[in-house]
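First the structure, then my questions, so here it is.
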Amino acid sequence: MVKFHKTASKKKGLPPGAVIYQEGPMAKPIISVFDYSSDSFSEKTSVSKEELYACKSSATVSWINIDTLEDARFIEDLCVHFGINPLTIEDILNNEQRPKIELFDSYIYVVLKTLEYFPQQGTLQTEQVSILLGSNYVITFQERPGDSFDPIRLRLRKDSSLIRKEGTDYLLYALLDTIVDQYFLIFEDIGDSLESMEDDLLAGKTHFSYKRLYMLKRELILMRKSIWPLRELVGRLQKEHVPFIDPKTRVYFGDVNDHTIRILDTIDTYKDMLMSMVDLYQSSINNRMNQVMKVLTIISTIFIPLSFIAGVYGMNFDNMPELSTKYGYHITVSTMLVLALVMLGFFRRKGWL
Amino acid sequence: MVKFHKTASKKKGLPPGAVIYQEGPMAKPIISVFDYSSDSFSEKTSVSKEELYACKSSATVSWINIDTLEDARFIEDLCVHFGINPLTIEDILNNEQRPKIELFDSYIYVVLKTLEYFPQQGTLQTEQVSILLGSNYVITFQERPGDSFDPIRLRLRKDSSLIRKEGTDYLLYALLDTIVDQYFLIFEDIGDSLESMEDDLLAGKTHFSYKRLYMLKRELILMRKSIWPLRELVGRLQKEHVPFIDPKTRVYFGDVNDHTIRILDTIDTYKDMLMSMVDLYQSSINNRMNQVMKVLTIISTIFIPLSFIAGVYGMNFDNMPELSTKYGYHITVSTMLVLALVMLGFFRRKGWL
Amino acid sequence: MVKFHKTASKKKGLPPGAVIYQEGPMAKPIISVFDYSSDSFSEKTSVSKEELYACKSSATVSWINIDTLEDARFIEDLCVHFGINPLTIEDILNNEQRPKIELFDSYIYVVLKTLEYFPQQGTLQTEQVSILLGSNYVITFQERPGDSFDPIRLRLRKDSSLIRKEGTDYLLYALLDTIVDQYFLIFEDIGDSLESMEDDLLAGKTHFSYKRLYMLKRELILMRKSIWPLRELVGRLQKEHVPFIDPKTRVYFGDVNDHTIRILDTIDTYKDMLMSMVDLYQSSINNRMNQVMKVLTIISTIFIPLSFIAGVYGMNFDNMPELSTKYGYHITVSTMLVLALVMLGFFRRKGWL
Amino acid sequence: MVKFHKTASKKKGLPPGAVIYQEGPMAKPIISVFDYSSDSFSEKTSVSKEELYACKSSATVSWINIDTLEDARFIEDLCVHFGINPLTIEDILNNEQRPKIELFDSYIYVVLKTLEYFPQQGTLQTEQVSILLGSNYVITFQERPGDSFDPIRLRLRKDSSLIRKEGTDYLLYALLDTIVDQYFLIFEDIGDSLESMEDDLLAGKTHFSYKRLYMLKRELILMRKSIWPLRELVGRLQKEHVPFIDPKTRVYFGDVNDHTIRILDTIDTYKDMLMSMVDLYQSSINNRMNQVMKVLTIISTIFIPLSFIAGVYGMNFDNMPELSTKYGYHITVSTMLVLALVMLGFFRRKGWL
Amino acid sequence: MVKFHKTASKKKGLPPGAVIYQEGPMAKPIISVFDYSSDSFSEKTSVSKEELYACKSSATVSWINIDTLEDARFIEDLCVHFGINPLTIEDILNNEQRPKIELFDSYIYVVLKTLEYFPQQGTLQTEQVSILLGSNYVITFQERPGDSFDPIRLRLRKDSSLIRKEGTDYLLYALLDTIVDQYFLIFEDIGDSLESMEDDLLAGKTHFSYKRLYMLKRELILMRKSIWPLRELVGRLQKEHVPFIDPKTRVYFGDVNDHTIRILDTIDTYKDMLMSMVDLYQSSINNRMNQVMKVLTIISTIFIPLSFIAGVYGMNFDNMPELSTKYGYHITVSTMLVLALVMLGFFRRKGWL
């Protein structure tokens, strides 16, 4: 389950750009570097600090990917070397950012969320991805080691790949596109959940629980919060003049923008569907309640008067003339039968049967 | 029933413009070509690849209609020949597009949805239509073979038709107009459903089910999702300077825009009406529940005390003086009668009868 | 009751501006012509086609009013003579238009709705009014013969009338003003209905039916749909440069705009009030339900245990010592009385009595 | 209680600016005139028509206040003398205006509402105030004689007052500020009502009636309708170039604007609070209903089976072996007791006790 | 608990900028002055009026902090010395301001709210902070003495602090940043409350009370009211040209803006979550009600007919043949058992068991 909030308390009152260094043992950052141009390509997974720092001034395009952010000092040093603003460094290290894009003189900073959905538990996990884009390097930071960017790695390794021929702006596009494509996969799962719920509801499955609807609504609210700001981010990349972004790459960002809008449309449609389902659910609950009440009323209304008649002739008065007539009992029982039938007729006419 | 989503998973991680070629047997595309100018006209249904490719440079207006998209390779080849951007080709082949218009140097790409409504099942079917517009050709792609464009074909075959005298922009208008006109037909059916539901509700039909309201609301939500983006699309054709669109054709797109806005207005009105009906439905359910409760309460409240009295005189105490009086029984029964009448009077005063 | 929709099916697939000629007997159009300038005035009700067509080039201001639109051929011919665009002719003949204004080189086309409200049935009837405005003529088309424009006719007949001194733009203003003034009359009726409902609700009238609220909400939804687009229409007449409209007439359109906004404000306020009333209604229903339940619970809770005691002493065991005691009966009955009083006390403490 | 609407019917079909003269006896207008400049001051309450008319061309600032609008002819004559447009005169005399500002060449017309709240009855009364502002005069029209403007009169009488030193624009500011300040007073009363309701609700007072919430919501809806358009009005005075308003006075209108926005914020907050209270109210009603049902269910569920057992042994079969056993009665009664205890345990486990 | 409103009544009818001097004993203002430049620093807590006034023309940056606003005369004198507009002085002394920024020639006025949350009582306390920013001084006014700004004081005392090197605009940023950081702390507490409520709800805790949801919703409404206007305020500091704000400081205000938007996003998400929880709560209440009804119905439906049978054979007719048969009793009891089992089967089939 996505947490509503994370901890901000440690930062209170610190100057801007202040980095909090974690104490005790911490995960070492996992680093991979792709160096490529249209006619060269190298991939390294264990790099020295010097090699890493050299990427800043190499002629080729360098993509540095860093997993786990616990070693704050390492990340800070790296960023300082690349001339990153302290406010940006603080944002990279704080995993509570709202997706946004910030333009600086020597680089662009993009931060957004990847999502992972576990349909069994009905829960959603977000991870923050920070991207720094310079003229000849792209640095990506991920909270946890993962395989989100594997498709891009596969493409990079192919000689004929378009990525290899283009600059850092195209790599940025490929990264955004991969992340947004993952959203679609999640929507498939959520759509499946929605449809199976709808089927259950329409079939009047009695074990259907409101909690399932609640959990799904909850996830949609949190997804919308994560994805909504993307619209503005990608819109700027498509429409504004942004440094390091070649105007001819904008058509690609337009494609990503399109996908983002489609996803937000889908979230809204899903929310509308969910609201309708809640109404449907409540109507089915009310119907069942109604039915329960009807059974109670029919049974009570038929037998209470009959029991009363039986009660009357169960009284012990000495002088009750009916008791000693020959067919008193038979007449009474017949009367009861007639009464019951009259009532059943009344209920049928009311449409309760 | 419209599915909430379709499958995106196969595309994940592929480069932009990547085409997925379907394996195994697949439907052959159905091709028809109309070639016309103000003084010539030809219609072909079986065309060779060469004839098709020749349309690109012919002096006449060519309308190529292609049904079924399964043969991706054929479509890709055709598009490449006409100089279509890979991103556009990907969009044509993926039937999950949001209605939109995209301007390129050598063509315009328009994608939108046709709708079909089956009132019996209360379900809606969408189909994606892609339109490529060049200076002297229009290519339309449909998911399934169908008769949506037959009215235009009929008009084209008439010598006196206005379409024959105009260029590709007027053909685009005719296509959009035909699709939007189909929406109106669907709205007639939905309006009929709404009115018959309203009649049933106001007449207090007891068999009325909330599911009917739900199904209709569902369809409206999905229709709105399909039609809403059209507003922007057609608005741009009417108001902006768009290549290949003659400014004097804009008045026609203004007409389509007008229809689109009317449809969206109607969807909103229908949604408002549906919401009111849901309230009406719930109020009628509550009323019926109330009535059931009242019957139960009246019967119980009258007979429970009477049964109690009967119970008292059914006790077997040796010393119960009333039992041996001569008119004890008659007095008791009369008292019960009076009590019952008093209660009925009380209920009448409360307005429960 | 306003229909949700009207028939569009006949038009499908026809070229733009296509007119459908009604078959069989049809109502003849009722024509009246007012010809006036600051020093001349003539009013004719039976005019020849030639006289009608002559209005196009007369020096005076001509107001041609045409009631009933069934004779499509007559209207088409007239429009063609006045140089009206086929799309406009189609709009005039189709009574499903959204209120709008369209500017052409030689005329302005304005279309809007008049409303009539029948408080007894609680229903609303709309009629479409089309207005063509040229430099020296105004042509109005109404669906049914009616007296909506009688106040203007009366004013025109007076020598001193301001209308007689002004051009066609002022006549347009007078027409719009008259139509909008009629909306106010309807709002008085609806306001009266709302207030009488509110009084009934607050007085807790038990016969109050949710259907009354529903019918009123329905009418408000449909009125809003008819009036909302007026805002834009009149706003353009007030603020934009519109051909044939003298800038000094704009202050009058500003007045109409003001009225339109007031009406829309009122519709929104009425809708808010209605929503509050629905809540009030449901709360009163719930309260009554609650009261019914309380009566049932009190009666049941008091008598069920007492009946049980009576039942115990109605058992026929041979060995029931209490039965043969002298005051057993009296003690039992007294116990029952005490028990009943204790329960009443409990209910009073709970606030149920 | 504020009426939903007032009568518009008399005006239908009259030309613009038409004044309806009231027949029969009518209230004479109450006139007061303040004439002042930085070094002169005079206050008159009985003025001749000539003195009144002279204000138009005097060098000093003149504030003419007129209470009661029944003498339409007097007001019309006065306005005509001051060169007021007939449309404005019509607006002054019709107390149904929406707050607005209208700019003319020789004057500004401002119309808005004063509010009075009667917490005992929970009702709200509005009054229309029209203000005409020329270069050297301000004329205010009020529906009823009242003391709304007394604070300004007091300030004017003081030599040192800032108003005396400034022109008509500052007087306009002072009038608006006084009216808006009165809104704050009303909000205090409404805030008090809200808080006392909230206290009652949270304390679970059973006599709490939904009508109180309804009445308050109703007043908020109507207040919002009266105050909302003020925002635009004052915003224009602050931000646009308006004739007769010195740019350096704009900072004061900014202050009024600020207050207006605060009031509208507060209305929205109050509406949100009210909605939450409605939910809280309904939840408390449901809780009480639930409790009633539980008591009924517990009593019924315990005693109905016990009564059944008693009923069985009250049957009169000749051959019922249990009846003649020595301890049959004691065993039966003990069994009943055990059964009752078992059920109580069950209810406790269910959390119903 | 935050009060809905505070008292405005005292101000009614006073001229703008009028200051109300509190009578009787009042809290003396607590003053602290920080004087610093990149190479000097002094901190004073007891300052004479002369020292205070000298700050206006000193070359260093002076930060004057004043706690408690009761001594209105002192504050007025101070402000007058610094050339503050009377309207601003009125705003400083009235703790009902909406957060806003106002630009004057010689200073900027910023007013906003600090918040304090008490999770135990679930209540929120707001305090108004006014900030005056000149070219070389910043004056802050707080309603109550408190430690909100202590982090800034700590940073100022450090030689290496960035604040010491920058001007008044950076100090303003530091103040805003500190206040906004406090909001995050509150959100952590509220998020914790939300999560614990959600856990309780999902676990179906029966003691869960709607009041908890209500109290939280109430606080969110009031927080939103306090924080919403901040967005505009900080947005102006970031994007517009504001006097005394160095363009290169804007990136810092961008950071604060970012935080503000994140907080507002979070409020909206929390409100959405709360609404979903309310639905979940009501659904759980309905479920429990349903269960109660089912138990009642099952018990009643089984035993009422059985009791009726017992009642019949408890009648005292002389001639009841069944009574004298040998196994009449056994047959009757067996029939009852069978009937009970049949009913249980029926309920199981209905899914009620």
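Letters A, B, C, D and E mark the chains in the order given here, with residues in each chain numbered from 1 onward.
The criterion applied here is as follows: a residue touches a chain if its C-beta (ideal position, glycine included) is under 8 Å from a C-beta of that chain, and two chains touch if they have at least 3 such contacts.
Keep in mind it's a predicted model, so treat the numbers as computed, not measured.
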Proportion of interface numbers common to chain A and chain B (over half same, under half different): different
Intercentroid distance (Cα basis), chain C paired with chain A, Å: 42
Where chain C and chain D are represented by their mean Cα positions, the distance between them in whole Å: 26
Residue numbers of chain A (touch at least two other chains): 289, 293, 296, 300, 304, 307, 311, 314-316, 320
Topology of the chain contact graph, where touching chains are joined (line, ring, star, complete, other): ring
Chains in cyclic order, anchored at chain B, direction fixed by chain C: B, C, D, E, A
In the complex with chain E, residue positions of chain A that touch it: 3-5, 7-9, 11-16, 85, 87, 96, 98, 100, 102, 206, 210-211, 214, 217-218, 221-222, 225, 278, 281-282, 285, 288-289, 292-293, 295-296, 299-300, 303-304, 306-307, 310-311, 313-316, 320, 322-329, 332-333, 336
Contacting residues of chain E [partner chain A, same complex]: 150-152, 154-155, 161-163, 173-174, 177-178, 181-182, 184-185, 187-188, 191, 194-195, 202, 251-252, 254-255, 258, 261-262, 265-266, 269-270, 272-273, 276, 279-280, 283-284, 286-287, 289-290, 293-294, 296-297, 300-301, 304-305, 307-308, 311-312, 314-320, 351-352
